Each structure stands twice: as C-alpha cells, then as structure tokens.
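Here is the structure we will look at.
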Amino acid sequence: MIPGVSIEEKTDPLQGQILEVSMGPHHPSTHGVFRMDVKLDGERIVSLKPVFGYLHRNHEKIAEDVSYLGSIPYTDRLDYLCSLTNNWAYCLAVEKLSGFEIPERAEYIRVIVGELTRLVNHTCLMGFFVQDLGAMGTPLMYAFREREKILDLFEGLTGARMMCNYMRFGGVRCDLPVGWIDEVKKVIAAFPRFLDEFESLLTQNEILIARAQGVGVLSKELAINAGITGPCLRASGVGHDLRKVDAYSIYSRFDFKVPIGAHGDCYDRFMIRLLEMRESLKILDQAIAALPSGQIIDPKAKSRGLRPKAGEAYGRIEAPKGELGFYLISEGGPSPYRYRVRPPSLINLTVLEDMCLGGTVADAIATLGSIDIVLGEVDR
Amino acid sequence: MNDALTLNGCLILSALLFGIGLVAVFGRRSAILVLIGIEFMLNAAVINFVAFWRFAHPSSDGMMFSIFAIAVAAAEAGVGLALVIALYRHRRSVRIDEIPPASE
Amino acid sequence: MLGTGILRGLKETARNVIGSFREKDRLPTVMYPEETVKTKENFRTFPFLVYDGDHAMPGLRCVSCRICEKECPPQCIFIIQERDENNKAVKHPRVFDIDFSVCMQCGICAEVCPFDAIKMDNIYELAGEDRFTGLLVDKHRLAKSNHYYHQIKPTEANEVDGRLAEDKRKAEEAAKAKAAAAAAKAAPPPTAAT
Amino acid sequence: MESAEQLRDRLLAAFPEARVEVLANPAPVAQHSLIIGATHAVQIATLLRDDPDLAFDYASNVTGVDRPDQEIKEKVTVKETVDGEEKEVTKEVTRTEPGYLEAVYHLYSMAKRHGPVILRLRTENRTDKVTLPSLTPVWRSCEFQEREIYDLFGIVFEDHPDLRRLLMWDDFEGHPMRKDYVEPDDYEWEPTPHDAVLIKAKRPADGEEAAPLAP
Amino acid sequence: MTLVERIDQAPLLLQRWAVSFFPALLQPWVAMLISAAAIIGVFASLFALSTLAERKGLGRIQNRPGPNRVGPFGMLQPLADGIKMLIKEDIVPLRADKVLHFLAPIALIVPSLLVYSVLPIGRNLIAMQCQLGVLLFFAIGASTELSIFMAGWGSHNKYSLLGSIRAIAQMISYELPMVLAAVTVILATSSLDTVNIVEAQAGGFWAWHAFTPWGAIALLTFFICALAESNRAPFDLPEAESELIAGHLTEYSGFKYALFFMAEYLGMMAISGMAITLFLGGWQAPLPILNFIPSWMWFFGKLACFVVLFIWIRGTLPRLRADQLMNLAWKFLLPIALLNIGLAGLWVKSSGWIAWPISVILLGLAIVGLGRLLRGSRPRGGKRIYRYAD
Amino acid sequence: MSIPFLIIAAVILASAWAAVSLRNLVHCGLCAALSFLATGTLYLYLNAEFLGLVQLMVYVGAVAVLILFTVLLTRPATEAADAVPTKRPAFWKGALIAITVGGAVASCLAVYAAPKASTAPELSIQEIGRLLTASQQNVLALIIVALLMTTALIGALLLAAPAEEDTKGGGA
C-alpha cells in the first residue's frame, strides 16, 4: 500500500491509475509561490490546474488608496524583474488620462532603460528556463553575470537595482548622471559576446533540443484567442508587437525587426527571446546615437498631488513578458477611482494546461519555464 | 570447515523452501505472491542441483542444469509479471480467484 | 551529427573555467564582508534627516510639514509637530519616526520634500535580530549632518546646497524688500524698493 | 476604425432589441466605450470577433468596477402651499442612485491592428447574487480575468467553464475589491507608528488583551 | 626489489608488515580487514575530495570561486560538511515505513563499498582477486536498485515514489548496455578476472582496449551508462530537483542523506574504476618509460580524469526526460552494444587490422542511422530558421 | 551440520516464510529478494561461485526488482487485496498441504544417509564455458534457452504494453 497517494479510479479500464501530485507552492521550479495541481497517469499529465494567489496583496486596492505618485513604487514590485517597464506602462496610462506631453529626451531615456530592462528580463528567463530543464545552474549564472552589469547601470541611474521607481508622469525623475551613457555603450558592446556564448552553449545542444522542441506547443489560433502576448505569442507565429502596432513612445523612429517562430513550442519561445535581445541591442544603439538634450519632464506635469479630471484611460506597452496595460478611471480625486493592471504573466498562464496535457511532468516544468511568469505580477 | 556439510542438509533445506513456495501458491490470492512462490520452488530445485553437483562430482551436469534453470526461471518471471500487468490492465485486479477462464 | 552540440557546450564551459582564472569579467564575485563593491553615487536605501551645522537637533532642516508622511506609499513615516509652551506649533518635529521594516526605499519622501530635509542614505547592512527592535528609527538616529550627505552624494548635495543658498538669498532679499517696503510705508517718501 | 457611434449603429442594426449605448470618455485620450445589455452580450461579442471588418480577435483586458449606491443631493424647486399661500420653495432632496457592478472589456484586433473597443456590461444591482454572461466562450483570455472579477467583486459569470476563486482562497468570505469591503482586523500587529495601525493595535480584539505598544 | 618497485608496492608491503604482528592463524583475517579498512579509508577520503572538487569545479564553470572559507582555499569544506551532516537532525516522516527508511541507506552503502574489492588499484593491489571479478562487480552493483526502491517507497512521499520508479527503470535499462559493453572486453581477453584484464593491456596506451574500434565504442557506451547508473547529470532524473525535488532523497536528512550522497560518489568512482580497468589499462602506464611512476598513481590519476569529466558534464548539460532516457538506452545504446560485441568477436578472430575498416564503417553507419532514428522520434528536429514579421 | 550453512539456511527459510506470509506486498517482495540473496550466498558457500553471482544478478538484480516494479504498477489492486485480507483459513489450508509435502520429503531425507563429499569440486569459469559449448546437448539447450528468452522478452513486452501506443520503453 502506498499511503498518502490519493487515487482516483478512472472509468476507462485500460488506463492506469491516476496519481495526484501537488507541485508547489514550495517547489524548486515553480518560479515563486505557485502551485500546479497535477494529475498523472504514469508520468503523463491528464489534468493540470494552476493555483496561485499566495503573493496576492491586492495591489489594485492599495493603488485606489494612495496617490497617483505613490503607486509608482508599487508598480516596481509587480514584475520585479522589470520595474522600469512597469513604471513606463503606468506613466503612459496616467499621461493618457491627463494629457501630458513627454519631452524628446525623456522619451529616448525611456526607450533606453526599457530596452535594457528587456535584456535583463530575457537573460534571466533564459537562465531560469535552462535551469528548469536541469542544467546545474550554469547558464543561469552566466545570465546573472550579464544581468548584474545592467543592474549596475540601473543603480547608477535610478539609485536602485531592481525597484527603480524612475519614471514620472510626463517624463523621468532625474537626468542621466555624467558618464552613464558611456557605461551603457560599454555594456552593450560586450553583450553580443554573451549572446554568442549562450547560443553556442545551448541552442544546438541535443539535449535541449530534445527537451524543448515539440514540447508545450501552442497553436496560433489559441494563442490569439487566449490573449497570449509577448514572446509566447510571437513564438506561435503571430507578428504582434506593440512597439510596432501601437508604435507608442518613439518606437516608430527605430529600425528593428520582430522575430517570429513557426512551431510555438518551448524551443521557439526560447529562441525568440534570444533574437529579441539582438533587436533590442539594435534599438539601444540607435537610441544612444540619437539621444537629444533638453528637458526630462513635461513642465506642465506635476507628480505630487495630481488630480486628473474625471475620465478613463487604458495605456499599454510591450513589456518584456507581453502586453502590460494599466486601466485607470479617475473621478477627479487624488487617487484613481479604479486602477487595473493587465498582467501579461497572468493571462499567459491561461493556456498552461492546454500546453501541458499529454506531456510529462518534465514537459510541464519546461513549458512553465518557457512561458516566463513572475508571481509578483500574476498575484498582484 | 566444510566437513560437517552434508548433502542431506541441502536437500532438507530445499524441501522446506519448496514447501514454503507451495504455501504461497496454494494459500495466497495475489498473483504476484503466487509468482514469488513459484520462484521459491524453482530456487529449491536449483539448490538440489547444486547440492548434487557439489557432492557427486566429477559430473558437471548439476551445474549445467542450474544454469539453464536460472535462465528459464528468469524468463518465466518476466513473462509471469507481464501477465500480471496485463491482467491488471484488463481486470483492475491481481487476485487469481478473479481471473476469468481462458475461454472468456 | 549527434553529440556535436553537446561538445560545443562542453567547450564553452571549459572556456569559462579557464577564463575564470584569467579574466576579471569571468569571475565577478567579490569576497563580501572583506571586500565590497562600491555603490554608485545615486544608490539609495533608507531615508535620513539632514541637519546643518554641528548640532543635530537644532540644525534639522525638517519643519514638520508632514508632506512626506502623506506621500509615503507604505506609510512608514510618523511625525508629530513640536509645540512650544503656549501650545503653538513650532517648525520642528517632536517625533519623527520611520519604520525601516515597512519602508520600501522608494525615495518619494526625499523627492517631495520642499525643504531638502530628508534624503536617501546608502547604508545597507541593517540586519537585526528580529523584525521589530532596531528597525523603528527615531529622529535622533535619523539625523545625519550635511557633511555626511556631501560625503555620500557629492553631486546631489552640492546641487541642493546651491539651491538652498539661492533660496536663502531670495528669502533674504524678499525680507529686505519687505522691510524696505515697511520702512517705506512708515516713511512717506517712496524710494525704489525692488 | 469606426468610431464608437458608428459601431453602436452597426450593432443596433444587427441586434435591434439589444441595449447599446455610447459612454463618452472626457479624458484627453477619448477612448469611448459601449454599454451593452447583458441579454445580447455574447451575440454582440461574437459578432465583434467574427465580423471580417471588425475582427476583434483579442480581448486584452477585463476589469471589474464597483459603483456603490450614490446619494445625490439636488436642489429642487417645488410649489408648496404654506399658510394657504402658494409659493415656490427650494428644497434639498436626497436621491439615491442605485449602484451596480461593471465588467469592462478592452478589445483589440490583432488581424486589423485596431482598437480598442471598450464594452461595458453592467449588473442590475450590487447584491451578492449578481450575474453577467461570461465572454470566455468567445475569448479564452477572459477566463482568468473573469475568475478574478468573480473573486474580487463577486460578479457571477454565467457559462464560465471554471468559475472558482482565483487569488483568494476558496473559503474566503467577501469580495475585497468592492468599495464597501471592510477588511477583517486579523492582521499580525506591526509596530508601524502610523495612526491607523496604532489605533488598531490599541483596540482589543474580541476577548483579547490589547497588543503591546512599540517601545 | 628496487626502490621504484618498493614504492609501487608500498601499500602491499605495509599490509604485510602490519599482518606480521599477528599469529599465523589470524593473519588471513587481519589481511582482509586491513584491505577493507584501506578501501573504506581511501575511497571515503576520495569521496570527500571529489565533493570538494565538484563544488569547486562547478563554481569555476559558473564563474564563481566555489567554497573558499573553511581552511586554506576551502580545503576543509568537506570536513565541515561532514560535521554538519552528522549533527543535523535526522527526520523520519511520520507515516514512513520506518524500517525500510532506515535500512535503505545502509543497504546502498554496503554494495557500493563491496564492489571495490575487485578493482585492481595497482600492481598486485587488489582486495580480492577472483576469477569472476567483473561478474561480481555487476552482480553486486545490481542490488543497489533495491535500496533506492526501499528509500523511495519507505519515505511515504509521492515525489520519492516517482523518483524511485524512475530510478529503477533507468538502472535496469542502462545495466543492459553497460554489461554488454563490458562483454566485449571479456570476449577479447577471455577472462572475467580484472587482474588478467589489466595485464592483457600492458605495454603502452596502444594496447589499451579503448584504442580499438570496438573498445572505443564500448567505452563510450559504458561511460554513458555509467552516468546513468550513478544517477549523474544529464541522467539525474531520479533526483531531478526541478521536477521531483530530490526524488528518493526528499525525505532524508542528516547522516542518512550523507550516506546516500556518499553512495552516489562511491558508485560513480567504482564505475569509473571499472571503466579504467576494462578499457583504459587499469593501473598501466600509457608509455613503458613512465613505469617509474607507481601503478596506483596511474589508477588514481585516471580516476581523477573521470571524476573531472563527470563534473564537467554535470556543469554543462541539461537533463533528459524520462522517456528520452529510455529511448536512448533501448533504441540507441543497446543495438550499438550488441553490434559491438559482434565486432569484438570479429576483431579477436581476424587478429586485428582487417577488422578496422569493417568496424569503422559498420559502427559509423549504426551510429548515424540510430541517431536519425532517435531524432526521428521527435516531431521536427535540427536547426530552425526564424523569420521576422514585417 | 556446519554453522555457516545453518545460518544461511535459516535466513533463506525465514525470509521466504516472511515473503509468503506478510500482508504488505512490498515487504513480501523485499523479503523474497533477501531470500534470493541468501540462496546466492549458499551457492557461493557450496563452491559454485559462478552460479552464486548469476543468482545474485538475475534474482536480486532483475527478478526481485521486477516483482517490486509490478507491485508498484498494480498498486491499487494490491492495496485492495490488502484491504480484504487473504482468507486466513485458506492460507492455513494451503500451508498445511505445503508443510506436509515439504515435511514429508524432508523427514525422508533426514534419515537417508547421503554420501559425504570429501573435497569441494573446482569448476573454473573457463571450464563452465567449455562445458556449455562442448557437448552437443548443452549447445542445443543453450540455443533453446536463448530462443526461449528472446521469445519471453518479446512476449512480455507484448503482454505488458498497453493497448494504445505508449512510448514508454523498458518496464517488464
């Protein structure tokens, strides 16, 4: 007798027994406190229910209590790997709500830090993904090594490595320190070497190919219908990138391409991120070359005591994980009447079960790793 | 030190082991246990072969028989356990009193 | 062929092993308590109160306006204004507490302070034995001299000093003008009072 | 892309009985929205998705909004007979606008690259049993977001395939995002010196002693 | 006896010297005990060293220095680990099968140590010369599966159970090609005695079995199986920390965990030792002029190379999936090992050089073909080309 | 009787009895494995080293593991069998028959004066190999056993493979 293993007899006599395994919330590869209620037939998954909310702090309710400005540090903590793009999306929504203009220089700074954030996120994710596939942390360490350099840049600019709290309505908080751009140039110049190293370490590795190709396949139609965004969507073959579609900020001025996959499996999601990083480097090069001088914040805009007129606005950007949107309803008060985050991580999880069914536990781990979730954002 | 070792001892051991195997075959319902019993009985036979080889050399037939017996026993175990699994898949049971007649 | 990708991977890791002995870039670790990485000038952790001059309490720039208390997103600042014997408000905090266990180091207090009285520190070794004791910091522990501020953030401090001096100059001018105006009012001949 | 008014007309042409109204948005961005009656919501959503011109294949964001009952004070001039004499009296009348819960859908089109179209579905009232049709059968992306709204606002979405609480635990009571939600005082006391917490800390819980104050 | 020979035979001479203090009746027993103690002592300290090497090596692979606090360069880290393990609380799950939970590590460590008795560590340095050495090695090694099963089942944990099911399936599957790879050597030397096998490879590295076509392939097969048998990356599925947390080790702590850990390393070194014995000339020096270096140093040097290789691979590769693992064993390694036996037979019968081209062609074809087959089990393989959206 | 023999015999019999009488099938399997192990030791003791090691490899390494694997695979059924305990009267009836048979044979043997072997036979592995291939009967038997085992392997695979396609290799 195996005690503790609950067995659900299925009616189909040819099937084996069902083993229910609760993976998480304390599990090494669930990317935070995340749980998957998995039902296994042998090692094959017959049902998988994601369970989360362990990190739920009702961010939206908090934001309805604090001022517009006071929410910015909270947005840092949504997707704690890319606080700057979270700031950006929120500021974009507020700017739409109150009609602030953003000075040129601030736009360029935003693009630079936003793309650096994308690099941070994608390096991390790729490290985590390969870690989930069982590599003893080596790629993760390489990824972290590079990420640290960018975090150093963030520290120099914003004063914090992860919780940057940098953008303000109508611009950014402070101007670039002396010599910062040169450091960025140095980091960017060294970055392709890391990407090459990563590629030669992993992309042709037979084990990675065997583990990732054909695993966790997401069809194009389902991806669109389920609102999947970001690299997951593009890996399924949809060329949808808000930097092109909405061309928000000044993205229309840059020459970059949107890589898309054809198979929609874990390997494509992995490779799309790798290719996206190369495109980000291109954008960074152009943005740094064209960085104008001038104001960094709209003089009309005020951060403290902002009371936008009644109305509502939905602002969205292409965050590294997908479409990050903020929906704000103002009633004219000092804090939003309704504040809503459209978290890409949460919505990308919708199809986790569809992608994992029929695969093994190991596949589910790989798929989860390739979706790229951050629980701070899923739970809010 | 082997002075006191007799053929009789080995044969009695083998007989008792055979008896225990029989207990499983007759007394237990689980097909797996019945297979274990059969393995014990085969082991008892092999003990006999080895004992006779040991005490009745120069003939090496006992050894040859043992080798073949072990080989056959291994094959038997494999097939037997595969049967148990097949039975389980179809009947959700490994009890021999629930096995249908072959004609069914 | 099967296995070439694996061999390439092995080559890559081998290069990193050798590189870790030769390149600083491939062994970025420092031996932490003995060695530390120098933080950037902008680096911020917890807030502190700036005072001018040599004496902390009289020199506090804080006027207890409570803007930071209101703006602090996690509401970790707690201020009670000083009152004199006539129960009249004095521009000085009687109690100024910050709960570091709640503070999220966002720097909004420093940003919104109109008097440049609260700034962000760069200390980061604040480990305590439990959550509560030692992390509720009062104004005596928060107060740090302008000199210290200059040490940790020279650029920013110079800028602030310049601004304060400018403000002071303007205030003095305004006061002078006011005095002059008052004097002018008192004395009938209206002289030019800028 | 069509304006909200054009879209309303188009929808009304397709479903004459349906309730479709434009709600103007005074903010500079001017993303106007359509208020949709619950009865035709699924049909309208399907039309929006499948019409080749519109092709709103992607529901980006689903938001719950709580509008509690509002007391509106108005000055009304009435004719009254006072002391046998008829005269106009200005009186202050308090009128209660009934509250409702709202689900707001932001739709975009990936194929046509336009949007957003904002749909608003409103409930009748804001009691505990309020239902709206689920749009999950039309857009899978609503699945978790509608569950979240069910969890945090208490709107029951009919025909939702798997309507369970999403973020709160299953036996949690109440809907935290509603405006009138009162948080239960079951927190671990923390020595934040702020008024609210101090008051909370001072207040003895049921039958318990007051928590000790910070030194 | 020259000095070189003396140093070469130093362990043996020491043993004889120690034994001579005992009465003649006890001498064989004492000799046996000394051998056992020497094996346990040497390989336990090697275990400690290899954990340090592993942590240091993985550290360097991952661009960090590894343990460097305890003692000079962190050399005393294994000691600190050992003390920590010893004084840690031993936790047994409430509903565990206490007896099995307790017995499993013991049942694992005993065979892991026992197999060393047939490994020739140097010239004349073997604890038990036995004409069935190779068979003994595999027969004893086979029983470790049972203890892993006991650990997994006794822990009363689903992850442990899944881990032990995987472990058993994996070990059974990989034992087959491993034994078949060893059979080639037995075929070539017509002996099961490890000492004879080593002696058959005397003269220089060209005489080692690894430098024959069948030997090279058998060594490769054997090595892959060794990775799998000792549950090392990329075949560490039974403990797969990202999937099964630690498989059968999940519920173990303290000294029992240390025993499992030790058994893993002992197993790894034993299999490496067997690979050295079978294919890489055992304690033989690669060139006759290098014979002045003691034979046991050659053995340990080769062993160190294997350990480094194990660590290197662990630091580089992701993990395979259970079914891919099985496919690799049954659809790739097993056919190759079978073909290889035939080639070894051909080699023995055809006395050498004619077998070279035939072997190379046949093995090349087999590897390429089976590799295709293995890749073919995936929907699409190979390099992908990515497009860009407009 | 020699003491080592008695010890080995006691272990064989005790663990075999435990294997057939314990409730928990996993324990049964493990006891059976112990019994097989002790039998292997007996062969070693009787100078049949090759056979002893083969016994170890085949029975402990393969058959016992297979038994345990089967127990795991058919777990719910075995659990059910546990819930309804083996009918004790039936068990004792079976035991009675078996003990009668075993005891009768054993008691007959106890009084039979068998020849005593003065020296242990030496049979090296090379000789075993030669014997297996030298006489024609043995070669024939070897081939038949090989065929049998191949058939058994394929048969076992076919039997145990699930009806639908299932890529899991290995197993029984």
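Each chain carries a letter (A, B, C, D, E and F) given by its place in the written order, and its residues are counted from 1.
Keep this in mind: a residue touches a chain if its C-beta (ideal position, glycine included) is under 8 Å from a C-beta of that chain, and two chains touch if they have at least 3 such contacts.
As the structure is a prediction and not an experimental result, all values here were calculated from the model.
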Chain centroid nearest the full-protein CA centroid: A
Between the pairs B-F and A-C, the one where more C-beta pairs touch: B-F
Rounded Å distance, chain C centre to chain D centre (Cα mean): 41
Centroid distance [mean C-alpha coordinates] between chain D and chain A, Å: 27
Approximate Å spacing (C-alpha centroids) for the pair chain D, chain F: 72
Chain B: positions in contact with at least two other chains: 89, 92
Contacts with 2+ other chains: residues of chain C: 2, 6, 9, 12-13, 16, 26, 28
Numbers and ranges of chain D residues touching at least 2 other chains: none
Footprint of chain E on chain F - complex, ascending: 26, 30, 33, 37, 49-50, 53-54, 56-57, 60-62, 64-65, 68-69, 72, 124-126, 167-171
Touching residues on chain E, where the partner in the complex is chain A: 58, 61-64, 95, 153, 156-159, 161-162, 233-234, 236-237, 240-245, 314-324, 378-384, 386-390
Chain E - residues contacting chain F, complex: 97, 100, 130-132, 135-136, 138-140, 142-143, 145-146, 149-150, 153, 161, 165, 168-169, 172-173, 175, 190, 192, 322-323, 326-327, 329-331, 377
Residues of chain B that touch chain F when the two form their complex: 1-13, 15-30, 32-33, 35-37, 39-40, 43, 46-47, 50-51, 53-58, 60, 63-64, 66-68, 70-79, 81-86, 88-89, 92-95
Chain C to chain E touching residues, read off their complex: 1-2, 6, 9-10, 12-14, 16-17, 19-21, 26-29, 31
